[in-house]
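There are two complexes below, and they share chain A, which is joined by chain B in the first and by chain C in the second.
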Partner chain A sequence: MSPARRLGVVLTIVAALLGIVAIGVGPGDLDVSKILGAIGRGLVGRDDPSDLGDALVWWLRVPRVLVVLLVGAALAGGGAVTQGLFRNPLADPSVLGISLGAAFVAVLGLLMGLDRAGIWVTPVLAATGAALALAILLALASRTSDTTTLLLAGVALGATCGAATTCVLALAGDRYDLGIRVMRWLMGSFEGRSWGHFIGAAIPIGLGLVLAMSQARDLDALALGDDVAASLGASPRRVGRRAVTSVALLVGGATAVAGVLGFLGLVVPHVVRWRLGGAHRSLIPISALGGAVILLAVDTWTRVATEALPPGVITSLLGAPAFLWILLAQARPRSQ
Partner chain B sequence: MIRVTDCALGVPRGHGTRWLVQGLAVDIDAGARVAVIGPSGAGKTTLLRALAGLVAPTKGTITLDDRPMIDWDPRLRARRIAWLPQRAEPWSDVIAEDIVALGRTPHLGALARPSDADRAATRDALARVAVEDLATRKWSTLSGGERQRVMIARMLASDARILLLDEPTSALDVGHAMRVMQCCDALATAGTAIVFATHELELARRWADRVICIGETTAVGPTEQMLVPERMSALFGVQARWGRSMIFE
Partner chain C sequence: MIRVVLGTLLFTIACGRDAMPRTGTARIVSQVVFADEELWHLGPEVHPRVVGVSPMADDARYSDAVGLWASSLARPVGAEAIAALTPDLVITAEFTAAETRAALQQIGIRTLELAGWNGFDDYRRHVGEIADALDVEAAGTRSVAEFDAELARLRERFAGEPHPGVVSWQEGAVAGAGTSFADAAAAAGFVDVAASNGIVGHTTIGVETLVAWDPEYIVVSCEDDCTAREREIAARPGIAATRAAKQGGIVAIQAHHLYSVGAGMLEVVRQLGARRPEHSP
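Up next, the complex of A and B:
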């Protein structure tokens, strides 16, 4: 068994075990047999809505756990693709302002009431925002190969999108409830996520992951430069378009359902690349699994320790030092 | 295979064009062994890039199997032509075997897993340039020569019938350089066309049937007619004469 497959199996088992723990955490006397029984009944459509255990497990906690897993997978997988696209380990959807671009367009849609048209509207708007932010960054990246310039441009873009979001919220100051809801959402939260949220996120994130995997080999070719990629039949322009679309679907889908969660897409691919090398065929799925496990661990811990802190705050608190560590490691010359 | 007709390659300079290659006409057929020589900056790399379909000629045409290079689907073209750049560094620390396996990219669909044949081609390429023991090593741990051999293995893994090599032995010791050129020679005997750019005239004299000289003018001909002191003196701007091999003074 290859190291990537071995790690994949381990992460899948950890995700399943952690999932059961996460479902058991909180009010209600739920042991493993009750949890598995409720999931089994839910899967075959025989759950009993009048039973508190079934309702807790199947209608409240399972969808939340699945949404957390999906979002973690989307952000870490999206991070791996973004880094491959920019050929830079510091390129992360939250660092480069892509998540905030997604959030801005989604908030704009929420305040205009567009979300009332259907559950698909917010993910589409968020994906559009992410794609626009990525397009701006790609245009800048084509003019300079300097990492610092690109990162500063990303920071500036993120600041602009953040300020624009605040501006929109301020202009809608009379709608206090909506403002509070949006602010909580922006901090990254999984409170009250339902099966509807899961389905709304699963479609763009599933499509994004498939599209990302279809570009894995071409992203590997791109790692050797545009000319080598083109000589291998992987047109850099085409790879760029598809990679942007996949990141937009992943980050847009994740941001739409959970708000802005920082740094997951930076740290997880970086650690996986360090363990397994940079081949995207294993990097993308293993990062996705790793991101899912870490976010589920963070969300479960916040539920146990304090409901007041949303998981987005914790990922940022953990991710910011990791970002600095990678930045400093980058500054050191590689051994020959 | 590749037909170059009245080809000119230029790069923008100010408001005009700096011509690198002019009036080149050459057929590169199965089994061809062609060396490209000339001073630094003369246009050897640009010519190889044009032959690989990465840049269109400024004038004239380059065709592959009687179709203009530009009309080829990039993936189908990549199955026929493999290109080794002078230098290519992955931005992340990729494992050597994963780089060699990239040679199979043109043969694989977007979501396809490598078949047994793809894995066999990768292993065979690793063996041809004696880098099997480097297969699981990360790029950052390889020396310059080892990296060059890994990149050559990547090119060989493609099973392309036309190989374009830009200074393939520049980072190699004599032994590995000899093995790489012997490998190319064996492939040429089996029908693969080999075009290599080099600064080493001895390499061109020993391994090429024809030589393309790029300098003030562009010329192509059999090796023994091209590698003569008069032409080399004009090409490199120094006096040349034959000794046991060619000696520059």
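Up next, the complex of A and C:
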């Protein structure tokens, strides 16, 4: 068994075990039989949303675990594609400005009070923002095959959306309730996510992962340089367009359902590339699995140990020093 | 030279002042919604002395003083605009921008900083502090007495069994012991479930915890869409299984009442109490 396959199996087992733990722990007087009963009824469509046990397990915990797995996979998988596209192991999916585009439209909706119409409004608005950012990036990608230009355009787009978000917040500076709502959303959270969120996120993230995997060979070719890639049949412009689309679907879907989550898309693919090499055929799925496992561990811990801390804060808090440690660990062998 | 400059400055300031009562503090600026409301309650003796209210005084989302103060009255923002009104006293709070408070102190303007907003006792204390600073102790005593009389009337109206459990839940933020909501809930004959579960002050809980508590009533804030808000919250996954959602116990109260730390707290008591089983239609 290859190291990639072995790691994939280990991560799948860990994800399954963590999933069982995440569904099993939490508030409420629920023993194993009640939890299994709720899952069983849910699976055959005979759950009762008005039953407290079914509500806790089938309507809150199970979809939350699935949404966390999806988002973790999307961000880390999107990170692997971004780093391959820009041939830069320090690239993060947020450099394309997708998440900040999503955040800007979501914050605009919060300012206008649209979120009061229902819990589906903010994810839909965020997805709209991500789609608009994607449209702008695709328009740019169709004009250039230079990934550096695309990268800089993404950075500029992200900066513009970030500034526009700050502008909205500054104009509404006297509305402290809005500030709290925006801060909560920007910090990234899975609080109250249910089946509607899961279905809404599964479609773009599933499409994004399929598209990303279909680009694995072309991204490998791109790593050899534009000319070599073109000679191997991987047009840099076409690869760029498709890679940007897949990253937008992954990051846009993740941001829409969970808000802005930092560092997973940077750290996880970086570690996987370090341990397994740069072949995207294994890099993308292993990164996705790794991201899913890490995010589920973080979310389960924050949910059980401290309800006040959203997981987005923890990923950023742990991600930065972890990344520094990895960089130092990578530098050590070279100096010997 | 310095004396000439200071003399000119004082003369200019004196000329700029309107004719004001000479007793007590003549020119008052409020930077706190609570003070905007309470300065009005203190009565006509105080009204002409107020030369500025907070910019949020007319914001119906937060203030119970909407439309009370003349639109021509200043709504200063920042130390410069406040100083331009040459106030004798500026009422601030611990959450007023630290830079503004420091700048006012440096300029030499007297400030009254209100701190602690944890229920009925703090309300009474704040009214007393404002009345003392304005030399209108009798008006302050009258204002607190009116509040207490109405509170006693409401307590009597909502006394008796049962004492249903209630949670104030604002998208995860709950109010436990030592909050104005806990006082309002107790006055309306309810038990604050968050306080019963050991929560003190305001904190965040997950929706899972809310569902596991299974309160009979859940209070949320609304703006103009209170009925729609109650329906939306009751239909949410998880919350739909609570007794509150099943028995019509989702109570949406307008934000300016629910977040009030002034006399508006009585409106929370009134609206919450009206939803008790024996008072519901």
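The rule is short, and it goes like this: the second predicted complex is superposed on the first by the 236 of 336 C-alpha atoms of A that agree within 3 Å, B and C clash if a C-alpha of one lies under 4 Å from a C-alpha of the other, contacts with A are read in each partner's own complex, and residues count from 1 in each chain.
Note that in this section a contact is a pair of C-beta atoms (placed from the backbone, for glycine too) under 8 Å apart; a residue touches a chain by one contact, two chains touch by 3 or more.
Owing to the predicted nature of the structure, the values given are computational and were not obtained by experimental measurement.
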Contacts of A:Leu232 with chain B and chain C, given as first, second, both or neither: first
Chain B versus chain C as contact partner of A:Gly28, first or second or both or neither: second
Chain B versus chain C as contact partner of A:Leu224, first or second or both or neither: first
Chain B versus chain C as contact partner of A:Gly45, first or second or both or neither: neither
Which superposed partner A:Glu191 touches (first chain B, second chain C, both, neither): second
Of chain A, residues touching chain C in the complex: 26-29, 49-52, 54-56, 59-61, 63, 113, 116-119, 174-175, 177, 180-181, 184, 191-192, 194-196, 303, 307-308
Sites on chain A touched by chain B in the complex: 83, 87-89, 210, 213-215, 217-218, 220-221, 223-225, 227-228, 230-235, 273-274, 277-279, 334-336
Contacting residues of chain B [partner chain A, same complex]: 49, 52-54, 73-79, 81-83, 85, 88-95, 98-99, 102-103, 105-106, 108, 110-111, 138, 140-141, 143-144, 158
Contact footprint of chain A on chain C as seen in their complex: 55-56, 59, 61, 171-173, 203-209, 211-214, 221-223, 225, 229, 232, 236-238, 240-242, 246, 255
